[in-house]
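Take this structure first; my questions come after.
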Amino acid sequence: MMSVSVCRVAHFNAAHRLYNKAWDFEKNQAVFGKCNNPNYHGHNYKLEVWVTGNIDPETGYVIDLGLLKSMIETEVENRFDHKNLNEDTIEFKDLNPTAENIAMVIWNRLNAKLKDDLSLRVRLYETERNIVEYAGH
Amino acid sequence: MMSVSVCRVAHFNAAHRLYNKAWDFEKNQAVFGKCNNPNYHGHNYKLEVWVTGNIDPETGYVIDLGLLKSMIETEVENRFDHKNLNEDTIEFKDLNPTAENIAMVIWNRLNAKLKDDLSLRVRLYETERNIVEYAGH
Amino acid sequence: MMSVSVCRVAHFNAAHRLYNKAWDFEKNQAVFGKCNNPNYHGHNYKLEVWVTGNIDPETGYVIDLGLLKSMIETEVENRFDHKNLNEDTIEFKDLNPTAENIAMVIWNRLNAKLKDDLSLRVRLYETERNIVEYAGH
Amino acid sequence: MMSVSVCRVAHFNAAHRLYNKAWDFEKNQAVFGKCNNPNYHGHNYKLEVWVTGNIDPETGYVIDLGLLKSMIETEVENRFDHKNLNEDTIEFKDLNPTAENIAMVIWNRLNAKLKDDLSLRVRLYETERNIVEYAGH
Amino acid sequence: MMSVSVCRVAHFNAAHRLYNKAWDFEKNQAVFGKCNNPNYHGHNYKLEVWVTGNIDPETGYVIDLGLLKSMIETEVENRFDHKNLNEDTIEFKDLNPTAENIAMVIWNRLNAKLKDDLSLRVRLYETERNIVEYAGH
Amino acid sequence: MMSVSVCRVAHFNAAHRLYNKAWDFEKNQAVFGKCNNPNYHGHNYKLEVWVTGNIDPETGYVIDLGLLKSMIETEVENRFDHKNLNEDTIEFKDLNPTAENIAMVIWNRLNAKLKDDLSLRVRLYETERNIVEYAGH
């Protein structure tokens, strides 16, 4: 059978601060610069969720994008939209919310909900110029 | 030799309806929802056609993008632009015109015209938030 | 008081056919070309709804964009999204669904719901390259 | 002489919380919903700064866009980028940082630096779907 | 009758150099910086052509966008696309090809072809961040 | 360890002419058409630089995007922005500046500066519709 990838795009707006709790302020400032602002800054995150699998001959779908949209709402938007990632979420209580780590957390949450015969890749735009991508390996 | 990918972007605007002729209206409605509107709805499809191959040392081209543009006009735009995919095309007479199936049909049409030493990948945006990709395997 | 404009963006995907019922097919074909396809074609319409008024000093809002979003859902998206404009709507039963006429219909529907001290302008993208704008006068 | 408008686009990423200090939490929650998160959320703000005036016949410029870019860096980006608007800025210490109010603050700061024969309009994108515009009157 | 604005978007790719022939190189370098490169640089120009007028009740059009597209091809694209504005065009032989001046030249060319009951506005994107707009007054 | 890709986007605006010095004008015109204009034309090039590697557990970064931004400024923007690629650069003195060749030159320059445990892929947009991608093999 033929393998096709499908993508659903979503957005969430969140505050965050980049820092390593094991370091003092000076070292955090040297490494993370203005991203280390103790009062936080924020972003409009754009998320692409790519799912790869076979086309179901009855529906013509790899996965119902309405179902994928709901899954993203439950696993990503409801948890992270209009939140402070450092303060309001369990995932980033002890994990630095860099775009890389956010993408990995999102991949892990979504992949746990996907059927085994589907593979997953997520792309996260922190800004129009800073992007990350993770496929689970 | 080095392998490079090049892409030409195209657009076509079409009407379609998603349904499985083997199912009754209720089942189609349950699966396809508002996409099952018997009077059709429509989209501005955006198509990326990616061709991978070696750079010709005389031209500096993998493929002349003007040639690729013409190929897309003949194989895709002239057939599907301002058409009703279900009613006006042979390809979707008995094939549900989901984005997945449209991408596969386009890939098959274009690949038949490409030289053997070039490989092909197509990405189709049904909307800004619903995207599919197919590379022929 | 100072006057500020605010905008909410929405989308709807619809099928349509451009033709004048008073003309024969040949004249319609001469004027509307491929847009006159009797089986319809379709578009992803992008809509910008701009509302101008004073800032409420208590909220800092001209209008609650959540309220405006709901108004657009009720007056525009629920009526036109995934519809055949010619066949499924009262508005375009006898009105040619050009982008100009769609913009005027949307303006009239939304303006009827807005408070008198707010002024309205709508911009409608039929494609990325064809856009119309209407402000009610 | 002929009047032309020129625009420079800029960006800043900031955290904010929408609330009225004169109201209790319940009323703020009813009016501002998830935007009232006490731990803040954030956005990538995109700013268009439009300046209108006559073309200088010697340069062909209304205003040197390099100069306008520097002015935006000084008056907007250096003050608001990677900041918490509520906590880190004087402007929003007692002013709710809605998009409307942010646009007015930016307009006032920039207009104070522009020559009298130039007029100013600012457009601020809080998200791709929420936009405001202010021209000083 | 009601007045509506319609827009057609076009593109052209051109080389140019910004300088004032009456000045020496040092003064040009001080004013135009890297834009004064004697060997030229270049841009993808994006052009929005906005036409305002009444809707023709028979067609539902302010102006046939296919006609407007042809007019832009003749008056703008065929003259400026893949050209060196300073070297290959009459218009900029003695006029500095700033975005402001290019917009005025385009407006004058297009306006001469438009019927008197239509008004014209052009917006020219030199880059995503540098934009100009001209409406003839 | 898990491998993540990160991307930084950059831009440069340049003039170029496509031609093969070993061919006469007629043959160049037949192959390169309007891109063979002896006076050059130009583009706004958009560049995506993708770097793949493991996440550093202390920073949460694959690579500091500020560092990658500086590397792109030094290796790409300072060399090619506001330049005539054929006339002002060593790289394209004897190499036809097609998008394919520009992408390879950029890849080679950037890859020479990257640590060995990181892999590199560049995507270059010559226009919104013409794109190339190169990953070094």
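Per-chain numbering from 1; labels A, B, C, D, E and F assigned in written order.
By definition in this document, contacts are C-beta pairs under 8 Å (C-beta built on N, C-alpha and C of every residue); 3 or more make two chains touch, one makes a residue touch a chain.
Values in this document were obtained by computation on a predicted structure and should not be read as measured data.
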Fewest touching-chain hops separating subunit A from subunit E: 2
Most distant chain from subunit F, judged by the mean position of its C-alpha atoms: C
Most distant chain from subunit D by Cα centroid: B
Interface residue identity across copies subunit A, subunit D - same or different by half: same
Distance between chain centroids, defined by C-alpha means - subunit B, subunit C (Å): 28
For subunit A, residues that touch 2 or more chains besides their own: 128
Chains that touch, pairwise: A-B, A-D, A-F, B-C, B-F, C-D, C-E, D-E, E-F
Touching residues (chain side subunit A, partner subunit B) in the complex: 2-10, 48, 50, 55, 58-62, 64-66
Residues of subunit C that touch subunit B when the two form their complex: 11, 13-16, 34-35, 37, 39-44, 81-84, 87-88, 127-128
Subunit C to subunit E touching residues, read off their complex: 18, 20, 22, 31-33, 95-101, 103-104, 128-134, 136-137
